[in-house]
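Structures given as structure tokens follow.
Shared between the two complexes below is subunit A, which pairs with subunit B and subunit C, respectively.
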Partner chain A sequence: MSAEPLLRVDGLTKHFPVRGGPLRRVVGHVRALDGVSFDVAPGETFGLAGESGSGKSTLARIVVGLETASGGRVRVGDVDDVRGGDRRAFGRVVQMVFQNPGSSLNPRRSIQATLELPLAIHGTFQGPIRARAAELLEMVELPRSFLGKHSHELSGGQKQRVAIARALAVQPQLLVLDEPTSALDVSVQAKVIELLQKLRDELSLTYLFISHDLSLMHAFCDRVGVLYLGQLAELGRADAVFRAPRHPYTRGLIASVPVVGEEEVALKAGLERITGEIPSAANVPSGCRFHTRCPAAEERCRHEDPEFTGDPSEQAVRCHVHSIV
Partner chain B sequence: MTAPVAAPVLDVRGLRVSFRGFEGVAEVLQGVDLTVGKGERVGLVGESGCGKSVTMRAIMGILRAPPARVDGGEIRYLGRDVLTLGRRERDLLKGRDLSMVFQDPGTSLNPVFRIGEQLDDVMGWADRRGGERTSRRTRRGRILEVLKQVKLPDPALVYDAYPMQLSGGMRQRVLIAMALLNRPTLLIADEPGTALDVTTQDEILRLLDALVQHDGLSMLLISHNLGVVRAMTDRLYVMYAGAVVEEGATADVFADPRHPYTQALLRCVPKLDGSAVYAGIDGTLPDYTRPPGGCRFHPRCGYAHARCSEARPPAFEVGAGPVAHRSACWLEEPR
Partner chain C sequence: MSAPALVAHAEERAARRTAWRRLWYRLRRNPSALAGSAIVLVVVALALLAPWVATHPQDAGNVVNFRARHLPPSAEHWFGTDQVGRDVFSRVVFGYRISLLLVVGVLGLSVPFGVVLGLLAGYLGGWVETLIMRVTDVFLAIPALVMALAITAALTPNLTNAMIALAVLWWTWHTRLVYGIVRSLRGEEYVEAARLLGARTAHVIFRELLPNCVSAISVKVTLDAGFVILIGAGLSFLGLGAQPPAPDLGTMVSTGSRYLPDMWWQSVFPGLAILFAILGFNLLGDGLRDLFDVEVA
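Entry: the complex of A and B
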């Protein structure tokens, strides 16, 4: 990893208050994120995996500034996090592609208007805006004739390409991709991923890629982090984490992935499955928060919260039993 | 691995279904052949819009007609053509012998009724139709037993719970219990567990598999996930644009996919070892109101030649194993 990270997430915490009783008093907190730290180098693709309820979407929303953190910091390049800062300056460096292109594009706006809006808001682009919209479409491999269309005339894959083009309009450095292909069929997903790889290389983009598809993550990401109940359980180079997962949660996740080939079956051999469902973030277990589902849990896991061991640029794990010495 | 036996539980022959709409007639199913033998686990795979749900709905008799119309073919259940049965007989069949596990645990249960009431409805209805009079108490016993079978902790609590009080995984278990309640012979599972996390999906699939094997049920599993179908079935059918393009023993098809579509689809699936080649498939699914002539895959096929656009290829035998392996592609025509 290079010396200066593009994205620095430092001790990020997000607590949502839970209100109850006749006076709507705060009776507790949903700890969606509880001290998450990682760095992403320029040009790197960092993947965040985890089940629903692990906090991965909350993290994505904080990184793009759609949500404010309760604690900790997010810094992208030279721009510090949104609180008190310049929201617009932040928007020029970080953009987001949402999960469902059907609802993230405005149905009343033409594709041209969709692509011109961010250019108009930021006002940084010098030159004919219309030509820029056509150029953006070309970048995502759609014909210029699409400018006059509306989103309902497009297929799911085409809509997602427009959403990517819109995110690229202001020439950001970091793209946050929140499950960008999970609503698409595999043959379409393959095409969109191919496009994202091409754009990353041509425009030297940095990606924060959120997904629950571990196989896709292994192929697409340089480094990955596995989130469980608002904390990272394991972090490291994609190949290291997928070939030799250490945290029982990562191991369980990989063990449950449906696969299509014999080579993949070999990767799942010897991994312990996990059972049960993720507990509520309003009621986080004591000690290591995974101990309630962990096949390797010991007595100390119930009381002591483990620390990270290892090197996050290679492989680091937050587990008493499988620590890296 | 079980080979289809002489009298299959389900035998679909030349099923054709079309839809009438503003854009004209959409000829969706163009002659689907499919069998499920006794105790066999069969998969039906394909991407959205390939016709797998229409096939399933036609089998269950829950196609909305109009706009849908069955234009031809037979659906034989234990030898009887269900398309010619009277409505009453058909209803009886689908409430008891044929049952279904629905996909979305969030919307397939009624939020204002307790789980127990909803299960009791299903069971009481089938009992009445079968001419039996059962008391709510005896049904409750059976319901609790099935809730236990699907490994729900504390069945009595679940019986009195509302759907919103249960997690997604628990609701999916309730839907499986509902499908097993009337002791069916054929279970149709439509994308079970797709809406759930991988770990929960894995648990649900294992449970379903254990129950099917334990009771010797026949199962037709509909899924877009090739990995799920590989783990859960003995034999499979691959559908594209309203037709079966390849069929065979699951192990054979994964080891040696023959149809260009099956091959392309398998290449698109991301692999756990990170080795995926992102080939993708160019183009999109054809418009059913104006489908391409000949093989419907030919506009997107890398191997297409003149003949592919002229005539529809029949299913050619391509395997040497005990279970028929067929591919509907002109490349396989014996010379």
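Entry: the complex of A and C
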């Protein structure tokens, strides 16, 4: 990658202590994230895929500063560490759209109050704030009459549009989308994705898109990373990863995509499904973390943790068997 | 105003009208809320309009009319007269003033204090939470009436001290209530979104969280009003509340009980007046609880 990355995640680790016993002593750690590294270039849409429990939401929360990392670094724009820094200035670089439209808007506050909050706090917008709030609504293709409404009068898709407008009110460069459409009907989902694509082009936004929906990711993202038990299993251009997945986990995930069209059928040809449940992050398997479920596992996979091979801007994989030489 | 802005304004007004109409519709279908609000309205109106409603307003004070003492209820004295010839009905009406004054005083002092502590403990967590909630637990362990007895006995027994004595304990219930709500709301995404946008803690607490506690608090306050009246009457029955000759309902029951059963009206009517007011606040509180659909311990 030639340009300076907008988001650089370097060896990111997050361990949650597990307490037990009568004295509530730390008896172990949940390793939600264990050395995750990737870059996102300005204007790029980076997708992060994984099952629930893989750590993808934790990563999103660390990137925006809602949680602190146990180790490693996250650099957004030219801010190295949110703590101790200017929370508001940081907010003008990165914002987040949450997963659950039902709880992302305050039921007691009008849409107008919701949208005017960021404008009032940051004071970056010169001119009447109410007019700007109406403009933001138009940007997400909602009528300005919605200003007077409350969240219970809105559908899930409309709420999510308001949440996008609120995030964009401070004109951030990076938008973290934590499963923004997973709670929506499929038809509504498509419209929200279309809107996100339009906004990306018009405002030259950078997205960190977190989802478990691989077909959506294939269509929406430039590059993707596949997260398994707090580590990246595979990383690369969306097209390369989906056309020719190398890691058995990626292959298994793609094999599990419910088939709708010919495109998915083609993607799934010759891939074997994975079985079983994701192991607990409190008790991570030795060696390669995937060996307990891997159809191609060999003896060394049990003991040796594989290294990444390949070029992350094209395709890189963390697997002994399917390494890129 | 521009045309679209006018349209938006009109729509907003229409929406607000619909909301009121919906509230009125649900209120109509909720007989206990309706009965409760009617009773509370009557009690408040009697208290406010006491000098005009009372048939013998001068009897509220230190008046003695021995010629008219111990008269049974009649057209002239609806609830009869007391041991110094004062009109019991007029004194009951003025008695509501004292009861409601106590309610406003106790809740006005304790509720804002308790609510703010609950908001802080629930949102900030950590040592602030531990400190506030442990102190709350200690205060909760003291029975309200016992504490009030101790304080009013140590200080001069009068209405103001009764008010202070009750307020000193009353805030704990609101702290607990609000703390519970805020704990469950703290992780809501709109709270996190506000933080990401750089909102100050004061904004999150008072503009995002507090509005979501208001319905539960108002139910609790309504139910509390009945309890405050009851405990206040209990204190003055024991001679620790408002002092004679102030027309206090509890004092009237206490004094009147000396002339039971022959002059029953001197204690029964003030007692019924206490019952009526408490019934009203409790019915209204229960009705509001259904209406707002909130859990209040």
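Heads up, the rule we're going with is that the second predicted complex is superposed on the first by the 322 of 325 C-alpha atoms of A that agree within 3 Å, B and C clash if a C-alpha of one lies under 4 Å from a C-alpha of the other, contacts with A are read in each partner's own complex, and residues count from 1 in each chain.
Just so it is clear, a residue touches a chain if its C-beta (ideal position, glycine included) is under 8 Å from a C-beta of that chain, and two chains touch if they have at least 3 such contacts.
Given the structure is predicted, the values throughout are model-derived calculations rather than measurements.
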Fit-or-clash call for subunit B and subunit C when the two complexes are aligned on subunit A: fit
Three-chain overlay, vertex subunit A: subunit B-subunit C angle, C-alpha, nearest 10 degrees: 80
Subunit B versus subunit C as contact partner of A:Arg88, first or second or both or neither: second
Which of subunit B and subunit C A:Gln126 touches, first, second, both or neither: neither
Which of subunit B and subunit C A:Glu264 touches, first, second, both or neither: first
First, second, both or neither for A:Gly252, with subunit B first and subunit C second: first
Subunit A residues touched - subunit C or subunit B, whichever exceeds: B
Subunit B versus subunit C as contact partner of A:Ser104, first or second or both or neither: second
Shortest CA-CA distance between subunit B and subunit C [superposed frame, angstrom]: 10
Subunit B and subunit C contact sites that coincide on subunit A, given as residue numbers: none
Footprint of subunit B on subunit A - complex, ascending: 51-52, 155, 157, 185-191, 193-194, 197, 212-216, 218-220, 238-239, 242, 252-261, 263-264, 267-268, 273-275, 277-278
Subunit A partner contacts - residues on subunit B that touch it in the complex: 47-48, 167-169, 197-203, 205, 224-228, 230-231, 254, 264-276, 278-282, 284
Of all residues in subunit A, those that touch subunit C in their complex: 64-66, 87-88, 91, 95-96, 98-100, 103-109, 114, 117-118, 121-122, 134, 144-145, 147-149, 153, 163, 166-167, 169-170
Contact footprint of subunit A on subunit C as seen in their complex: 4, 7-8, 11-12, 15, 188-190, 192-199, 203, 207-208, 211-212, 214
